[in-house]
Every structure is written in C-alpha cells, then in structure tokens.
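Before anything else, here is the set of structures, which you'll find just below.
Look for chain A in each of the two complexes below; its partner is chain B in the first and chain C in the second.
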Partner chain A sequence: MNHFMLGIGFGLVTAAIVVLSTVALSLQFSVTRTINFAHGELMTVGAYAGYLVAQHTSNLLPQALAAVAAGAALGWILNWGLLRPFTRRGASKLVLFVLTVATALIVQNLLQIGFGGSYVNYHYSVGTAYHVGPFLWTSLNIVTMAVAAVILISLHLMISRSRFGKAQRAVADDLMLARTTGIAAERIISLTWVLDGGIAGLAGMFLALQVGTFTPTLGFSYLLVIFSAAIVGGIGRMYGAMVGSLVIGIVMEVSANYINPSYKETMAFLILVVVLLFRPQGIVPALSEG
Partner chain B sequence: MAMLLLVGIMGGGAIAGAKTKKGKASFHGTIHIAGVASLTGSYAFLGGPILGGTKAAAYLINKAGGILGKKLVIDPVDTKGDPADAATALQQEISINHPVALIGPTTLEIHGVEPIFTRFHIPDGWQGGTPAFVHNTNPWLWRCNPSDTQQTVAMAGYAVQKKYKTAALLFTSAPAVQSFEPLIQSAYTKLGGKIVASEVVAPGLTTYSSEASALVAKHPQVIFTQMTTPSAAVFFKNMESLNLMNTPFIGSTAMATSTIISAIGPSVSKNAMVEVQGSTALSGAGKQFAAAYKQVTGNSVQSGANFAYDCTIAFALAMDKAKSTNGATWNRDVSAVSNAPGIKVTTYAAGLADIKRGKKINYTGVSGPLTFNKYHNVNGPWSVVRASGKATGSVSLIKTITVAQIVKYQQGKTKL
Partner chain C sequence: MAYFVTVGTIGAITAILCLGVNISWGWAGQIDLAYYAYVAIGAYGAMVLELPKAHPTATTPSSYVLGLHWPFLPSLVGATAFGGAAALIVGAIALRRLRGDYIAIITACAALMLTSVLSQDDRLVGGYIGIYGLTQPLNSVLKLGPTGYSYFYLGLCLVALLLVYLVLERIYRSPFGRSLRAVRENDLAAAAFGRNLYSLRLRAYALGGAVGAFGGALFANYLLAWSPTAWNILEVVLLMSGVMVGGRANSRGVIIGSVIVLSIIPEVTRLFPLLTSNSTIGPSAAVIIGASGIIVMLRFRPGGILKERKVVDHSQTASLNATSPTLTVAERSNG
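The block that comes next holds the complex of A and B.
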C-alpha cells in the first residue's frame, strides 16, 4: 500500500470538507469585504441542526437541508440584525470585525446553554472502505467529496452564468458603481450572507459527521485552517479558495507520513507563512470573479 | 454571574439531598469544598467523575450530620482544562465561598492552582497522575490516586500477561497525555516488549486516516493509547471505516470514561480495547458509594470518581479529628485518619463515631487502602476493564492487577 498515495486520498477528503467552508467564506468576503470571525459558528449551527434531525431520521438529505437552513438563517440574522445597522451608521471594518468576534462567542454560549458543554455524538454509518485506484475511501468520504464537487460546480455556474452571480461580481468590484447602475446591492449582500451561511452550515454538518462527536466550539476550532486555506488561495477569490483548500488538505495528510503527525496542522500554517512571505496576494491570481 | 448561579444551583442541590434524607435540617451553618475540575471542553470527561465523586461524598457526609455540625456544600469550579482558567476560577471561588479544601484538579491545571492553594493554606486532594509529584514536598497537596508511573506498569504488565511482544504507542499531543508516553515505553521495554511504532497525533483534527494506516503498517500486536475525546472519536472512526481494527488496544484510565466510550462508540470500544484504571472494585463501602453517586449524578460510577470520593471523606474525617475546619490545623490529620494503625473504618459515619469516642481510625476507601507515604502519594491496585457495549458507556471488570503484581513488574521479575 503506497502511503504517499493514501495520504493524497485522505488529503482530498480533508480538502473537500475545508473547501466548502472556505469557498463560502471567500465568496462572502469578496462581496461584503467584512472579515467574519463568526464563520465557524455558521458551521456549528449547521452541525447541531443536522444532529437534531438525525435524532428522528437517519436519512442524510433532511439532515443536510436542516444544516443549510440553520446556517443560512444565522447568516441572514448576522447581516440583517447586526452588521447592516452598524454599516449604515458608517462603522469601520474593525468595528464590524469585532462584532463578528462577539457574535461568535455569543453563539457558542447560546449553544452551550442549549446543548451543554459536553460532546454530542453524531454518528453516521460510514459503510465499508473502497479501494479507488491507489486511494482508500469510505462511502461517507465519497459522499462528502461528491457533495463538495456539486456545490463548487454550482457556485461556478452561478457566478459565471447567472444574473445574481454577475450582480455579486459587480458589488464585489465596486459597491457604489453597482448601486448607480441599478443593482440592489443591499439585497445582493443579504443573499450572499444567506448563501454563505447555507454552505457553511452544510460544511459544518459534514465536518461533524467526519469527527463523530463535537461541542459548541466545533467551527471555531477549525477557523484557523479555513482562514489559512482562504489566504493561501487568495482571500476573497473563490477559485483561490478551492486551490488553497486542496493544497492545505493534501499537505496536511501527506506530511503525516513523513513527520511527527502532531505537526501536520503546523504544516498548514507553515505554508500560509511561506505564501504570505513570497506571494501575499495568494497563489491564485485575481480573476474576474473578484 | 453565570458561575455564581451555577454554584448556587449545584450547591443547593447537594444540601437539598441531605435535607430530603434527614427529613429536616439540623445543621448550623455551611462549609464549602471546591470541586476543581474541567467541567466543559475537551477534558470534561476528566472533570465529571471528580465532581461526581466529591458530591457523592458530600451527600453521605451530610446524611451523617455534616462536618462539625455544618452542612458540606460542594462548589463546582470549572477549570476548562486550562491552568490559567483554573487559577482565575479558583481565586474567584476562594474570594466568594472561602472553601476549606479542594478536590482536584488533574495534571492539566495543577501548576495553575498549586501556588494559590499553597498561599491560602488550603489542603488539596489532587487527582493528577503525572510522575512529577511522586516526590512531592508541598504539605498542602495530597494525591489520592496512584501515579501514572504505576498505571503504565499495570498496562505493560497486562500486555505481558497476554504475551504481546510488540506494541505501538498512540497519544494525543497534549501535555497531560504526552507525559504518559515515556513511562509506558520504559515500563514495557523493561518487561521485554518492543515498541515498533509511536504516533503522537495533533488534537482536534477532522481525520487521522494517514496516522491510522501508518500505525497499523508496523504490525504491532497491541497498541497502548491515551487520547482526548475528540481525537479518540475520529481516530477510532477512521480505523473502523478503513477496516484496520484487528489490533487490540490497551487504554489508560482516561479511555475508560463513559464520555470517551460513548464518543468512540460502545460496541467499537468493547471489541477493540481494554482499559487499565485505578481499581473500581469498590471495596469497603462500595455499594453505599455507588448508590450515593447514582443519587447525586444520575449515573453509575465513573472511572476516577472513587479517588475524589475517598479524598473528600478523608479530609472530612481529618476536620472532625482536628475539631477545626481551618486547613492549617486539620491538614496534619489527613494521614492520621487514613493511615494504619487504627480501627479500620469504611464509611464517614463509622469514622465520625469512632473519632467522637476518641479512637484512632484507619479510613479504608472505596478505592482501597488510602495509605499516604511521606510524599502524600498512595499506592493502589488496578483494574483491567472493558466497555460493556451499552449506550451508557459503562465498563465491566476483566481482572485486577494487585499491588504485589505491580511491584513485581516494577522490579522486572516477570518478563516476556
């Protein structure tokens, strides 16, 4: 069994989980220019929503729908109820950033009140392991990667082909100009938050399924990896986020075969440092999607 | 504010329990003992049993009339498994409730709280395993559970009994967990075993598939492990899904908690692993303890709770003997009520009665004899247990490794 290729295979699975959340983060940042430190909580509420539905049905589809709905709802609330009023009063980006940090802590504490601080078990039958070429994947791994692929293709089509995607790009390029050309920028921003929350919620559910047990800090604890992937690819660039996630995921898993595995997360941050040193704009150049 | 509310609710619960059994309150005042433990976060699986054992002891102490006529209230102090958080929480507790003793924390937080309880002269019934305190000289620190050094000897000894000649080590990269690694390596190789692989995994990752496949590729006959709950859940899930579960595991005490067994999956844990934990054979007043534990926590006895229970009872008896709740006064009486010679007592009520009659007592706990050496450390037998496979995460006893066997293994008299 070739451990290098196995590592690549496991890395693809890690990348699939990271990419969903990273792409959502990048898309939201490109349109709103707000650094959202509560992004992890969008994932966490998705995980808990999926967990709650799993108490009633083992069918993955309703669990996923609940996760999307919960994440989208929190994304909408975050924008509509918190960030938008401050933006209208001319709050600086720093103030908005601090607001998202506060939101993250509030959501974590609310979840802790509701579910307790202890771990909840969210198990899903992973099925048997399949040898796919040189890779070894479980059915859950394959479902996760397939869902990630479908979401990414859908996002690509939405951004490049749809009116909403074009409007998003316009807002991302120049908010004032977009407004003067008749684009309902506030609506586009609001919908982007909903989309961001929905995808992040779904990512949170798959993350929870992957780890099997989690607490209200689930998403928060993965925020650094997500930001690393986003920055490595080029923050605010959706395709960059895809490449960044792939690089981070594969490097983490492959490196575990050659170095002490406890340093594999450190490898992700090492790559981040190297990229910031030599290519601070990220490894993927700016494309038209913003 | 939330902490105050929590303290009030849980402290009130302990008192209410005593009132229910006694019919009406006959105490004059309250005294507080702080259960200093990780009650939330990654290490909550360690804190729950400590607090549960302490509360079970308080329940029985209050049922027997309290300490010097005062109700004992247990204050939960959440360390979150972090020394800095522990220090802050303990200082808050001391300024508000003035506890007369502490039970806990574990190795994780001891360096955060030790300077504080030493400064305030508050005796601490520590629940940590690190060998760093085997030659402890702090007069306020009492270790009521055997050290990790003994536990690793017991784990290695069990592997030798099963004739496992090669082993791999699997640990989470965390200070309290990693201190285990050199100890088990030393204990196992001393008995003739060979370590063929060692994996220290980072905590909190989404997958350990690479580490799992690399570990199994070295073909160990057994894997010694101690992991945090989330790491264990993911690792075993990866092992199971990749069909790599053919190698048996020997886990430490931490792996025998219901939290970690539930996270791994009771049936997975049952099939894959045995755990070596401080003996929960519940000698002496074990049944009374188990009933009290069930009464105050709603659960069956968790691994490690027996030591917290014994510590609390021994401290309470020391206060009774010294006729004082001042730590500086009763601290010297902990050994006096626990160590031989004396009338062997197994319950607080019996001990209190003998103390009142002016007798020298020798409290023998539910975890076995609580005989402190000059370093305030104890020895103890060890239990090899296996998950029962039930959803509650309970374990059942396979065999006991006696103190005499531990000594033999330590001296290298038994080899592969």
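The block that comes next holds the complex of A and C.
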C-alpha cells in the first residue's frame, strides 16, 4: 500500500509535467486543427534553453524564462515559416501532418549538431524530500506541481474571461465565421502557437530536470505520452486534457512498481490504442466549452 | 571501386525500402510510422531463421529465439512473411476506423512499443546488444573472396530490386492497385462503387510491411548484424521524402528519388566534416537536407520529378473503340 501511495505521489508529479504539455497541445489543436508531431521538439528546445542558462545561474526563474522563450520562438517559426504558406493554399491535413513530422526530424538533428548526441546533465539542487501526507516529494516536485497549477488556472481564466480567449474560442468553433465577424484570425492562430510553444517549452524544462540527463530525442520520446493524455481526455478539449494527464501520469508511475519501469511509457501507448479503438472521442464526456 | 559497391548495395536496399513506403504513402495515401518496425522485423527475422541455436557465452552474450539454421533464400521468404504478418496485425487495429492522422499516431505507438520490447527484453533478439554472428549468405557454396563477394551481393540486391519493382508494377496496374488509388483520391466515391475500404487498405498495408521486411532481411544479411540502435522510427520521413522527390506512386520515380535523397545526399554530406571542425555533422546534415526535401517538394512540386502516370486500361479502350461506330450511328439517327 505504501508503494502504491508513493507511486500515486510520483504520478501526480509526472501528471503535472504531462498536463502542461498536454493543455498546450490541446489548445493549439482546438484552435488550429493541426496535429503537431513536432510538439515534442517544443519541449526539447525548452529543455536545452534551460540547460544553457543553468550553466550561468542556478536560479530557476531565468532558466524557466529561457525555456518559455525558446519554445515560443519555435512555435512561432513552425506556424509562420512552415505551416502558414501551406494552410493559405488549402493544404490537406495529412500534408500538414507530414510537415510537422519532417520538422521534428530536422529540429532533432539540428540539436544533435549543436549539442552532440550524448546525454547532457541538467540538475536542480533538489534539497531534502518532504513527506506530504502519504507522498514523498522533493522541493523540485512541489515547484513543478505549483507552477502547473498556476498555469492551468491562468489558462482557464484567459480562455473564459479575456477577449483573446473569446477570440480563440471563436476561431476554434468556426474559422470562417470568426473572420467574417472581424476577428484577426491569423493573429489569434499565431499567438496560440506562441502560447503553445511557451508552455510546452516550460514543460520540457521540468521534464529534463525530472529525468536529470537528456538527449535531443527527449521531447520525441515523450510525444506519444502527451498524445495519449490528450486523446484520452478527448483531443482539443482543455479540461479533458487535465483528466487525461492525471490518468496517464498515475498509471505510468504506479505501474512502474509492478512491471519493469522501462515499460511505463508502453503502458501509456497501450491506453492510447485502447481508447482510440473504443472511445476515439475520449473518456471525458463532451462539454459545451469545446 | 569498393566504395561504389558499398554505396550501390545500400542504395539498392534503400530503394526497395522506398518502394515499400510508396505502397502505403504513394498508392493508398496513409502515413505509416511503423514502417521501420517491419524493416527491423525482417532483419531480425532473417537472422533468427538463419543462425543456429543461440549459445550465449562470455564472448558472444547475444541470446535470441528460434535459431533454425535455415538456408538463405527460405529465410528471406520467412522474414518477408513475418513483416507482412506483423503489418497485418497492426493494420487490422490501425486501419479499422481511424482517420489518417490517427493511423499515424497508432502506428507510431506500435513501433515504439516494439522498440521498447525488443531492446529491453534481451531473450528475444539480444536486447540492446542486438544479434550478430551471421556468415555471408551463400558464400559457403560460392567460396568468393571479399571483393568478389561484394560484387555478388551488389548483383543480388539489384536483382532483388528489379524483382520488387516488377511485382509492384504488376500489382499497381491490377484491379487491386486501381481500386486502391480510387480510395486514395476519394474514399467515399470508392465505397459507393462497392469497394471494401478496410480490406483494400489492410491488404496494401500488409504488402508494404512485407516489402519493408524483405529489404530489412537483405540489409541484415549485408551487415551480418542488427541492433535496436540501427533504426529510428522517424527516419521513415526520409523514405517518404525519397518517394516525394522522385514522384509519388511512380515506381521508376521512387527509385530515382531514393537514389537522390538516400544515397547521393548522405554521401555528399559525408564530406561536411572536412569543411568544419564538427566531426559528427555529416549524418545529421543528411537527415536535415532529406527531411527538408519533403517540405520543399510538397510546397513546389507535389508531383515529384516523375509524375504519377495515368494508367490506361487497354482492354476497355479497345472495347469502347469497337462499339463507337454504332454509337455514332445511333447519335446521328437521334440527332
């Protein structure tokens, strides 16, 4: 039982990292309707940016800002430089998907040239571990979960209260109608990609800190875990994404107690396959919020 | 000269792999991210069929299943069947009722699951260490020297490429190939004309997996070893890029594109370390250029260098011509 509760505790930390990346993916998908296979690379560049800044300062804040900036920059480039020339000409979804797969490969290999293919060490002084109820968490774990909570609440407020969020919802509902009513749809989409990249970059930094050492394939190896969480929750639904991340994070960490821990990502894929086969709309009932 | 023989052999095998990708991506319009898994299954399959029973010792720690000690050619056939069967299983799940982009996600999941099982369970095919210790196929009969044998294997791969090309051309022109392209162009219309979309797609998918496994088996018999580090599932994009550059669904174009993207570009980028101080830049640069190739082609010349040929059904044209005089007579009498 004790192992089980500890597993749930680690699962919550994993879920916090997964949920950041997944809400970013879901938000981007609901607004742009493009499945982004380079989403993992948004995380990877965030991890490397944080790692670079960590060579100069041990303060987490500048590292986090660098991770956000790097992810946001890649998100912007991905939309503006790559996808937009195609969407303007009405390219099919499959073509856009292939573009993002190619981008993932290109970014991985650019990082490989820049940093080499071997593991880099990226640590944060973890401090002592705290017993919180039945859970055992380091200060980094607690910071990770707190940041995830703050970002989720801000995203919720942004989408439900702000003008930008309203415009995003309009574009997500009906692009043509949004344009007709005078919403600068291109700008909303562009900003969504920037927001997506920024949050994913931050998630990538936390993921890298969590695993301690990483290579240019960090984000890609986590991509399908993110997809699993997004699809389990119902892709494109932000609140579903939160539930999906909790399910995936906890299943991954709890299963690591009982089976070979290197199979924990495989567990996530299994859940994804089963959900796609039997409930492709996700396990969370559709809410009108979209 | 030995250099060109090496490049030629790998080039011929890569061209076979591209022809296999062309079935799902060119003919049927699916993105199959599990393709490299079938290549690996073919490679591993050929090795465990050809090798004798595993005897893990300190010097050869590799342990693996089967070890049937079959001759070369039956092993090739067996490995191809393994690949086709694996593709049939994955395809049966992925193609059932999923949209194009979900198919890609499911196949990627399948490939990653297979990678993690094959690399972490070292009883199956040697885990991270992989399998090695194959002897040069057929050389126990031929008894050729290293140079002579390399020419022989190049010839063998070229013959295999020709064989795959001819078989696929035949299938492409068959009613099955035609139905498949109809599904790609407009699946609803094809379904309305009584085509079973699922069965068509599944058969194409299994065929692609079999061709991939055949190429993988040839590759393993060339390298005489195989390990999980030999493949990265994303690199199927480079094969797709070769297909795209040469001309989607045009087998001759696919071979040309394969030579450009997967033989010439990697060989040219091999020279990059001479220009810079970075010694590892070559392979990465080749991947970057190859992956950019697919983006550029999709943007500016989606048809590729050689466009897909319009297949004319001669039997029907002939019968139309035969009946046309009466038709014109009928039209005249009506007009």
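Heads up, the rule we're going with is that the second predicted complex is superposed on the first by the 279 of 290 C-alpha atoms of A that agree within 3 Å, B and C clash if a C-alpha of one lies under 4 Å from a C-alpha of the other, contacts with A are read in each partner's own complex, and residues count from 1 in each chain.
What we mean here is this: a contact is a pair of C-beta atoms (placed from the backbone, for glycine too) under 8 Å apart; a residue touches a chain by one contact, two chains touch by 3 or more.
Note that the coordinates shown come from a computational prediction; the quantities given were computed from them, not determined experimentally.
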{"item": "Clash or fit (per the criteria above) of chain B with chain C on chain A", "value": "clash"}
{"item": "Chain B versus chain C as contact partner of A:214, first or second or both or neither", "value": "first"}
{"item": "Chain B versus chain C as contact partner of A:55, first or second or both or neither", "value": "neither"}
{"item": "Which of chain B and chain C A:94 touches, first, second, both or neither", "value": "second"}
{"item": "Which of chain B and chain C A:128 touches, first, second, both or neither", "value": "first"}
{"item": "Contacts of A:112 with chain B and chain C, given as first, second, both or neither", "value": "both"}
{"item": "Contacts of A:263 with chain B and chain C, given as first, second, both or neither", "value": "both"}
{"item": "Chain B/chain C common contact set on chain A", "value": "112, 117, 260, 262-263, 265-266"}
{"item": "Of all residues in chain C, those that touch chain A in their complex", "value": "29, 31, 33, 93, 96-98, 100-102, 104-106, 108-110, 112-113, 116-117, 120, 234-235, 237-238, 240-241, 278, 280-281, 284-285, 287-288, 291-292, 294-295, 298-299"}
{"item": "Interfacial residue positions of chain A with respect to chain B in the complex", "value": "1, 3, 6-7, 10, 13-14, 17, 112, 117-119, 121, 123, 126-129, 136, 138, 140-141, 207, 210-215, 217, 221-222, 252-254, 256-257, 260-266"}
{"item": "List of chain A residues in touch with chain C within their complex", "value": "35, 37, 82, 85-86, 91, 93-95, 97-99, 101-106, 108-110, 112-113, 116-117, 220, 224, 227, 231, 260, 262-263, 265-266, 269-270, 272-273, 276-277, 280"}
{"item": "Chain A-touching residues of chain B, taken from the complex the two chains share", "value": "39-42, 44, 48, 173, 199-202, 204-211, 213-214, 217, 229-230, 233-234, 237, 240-243, 259, 262-263, 265"}
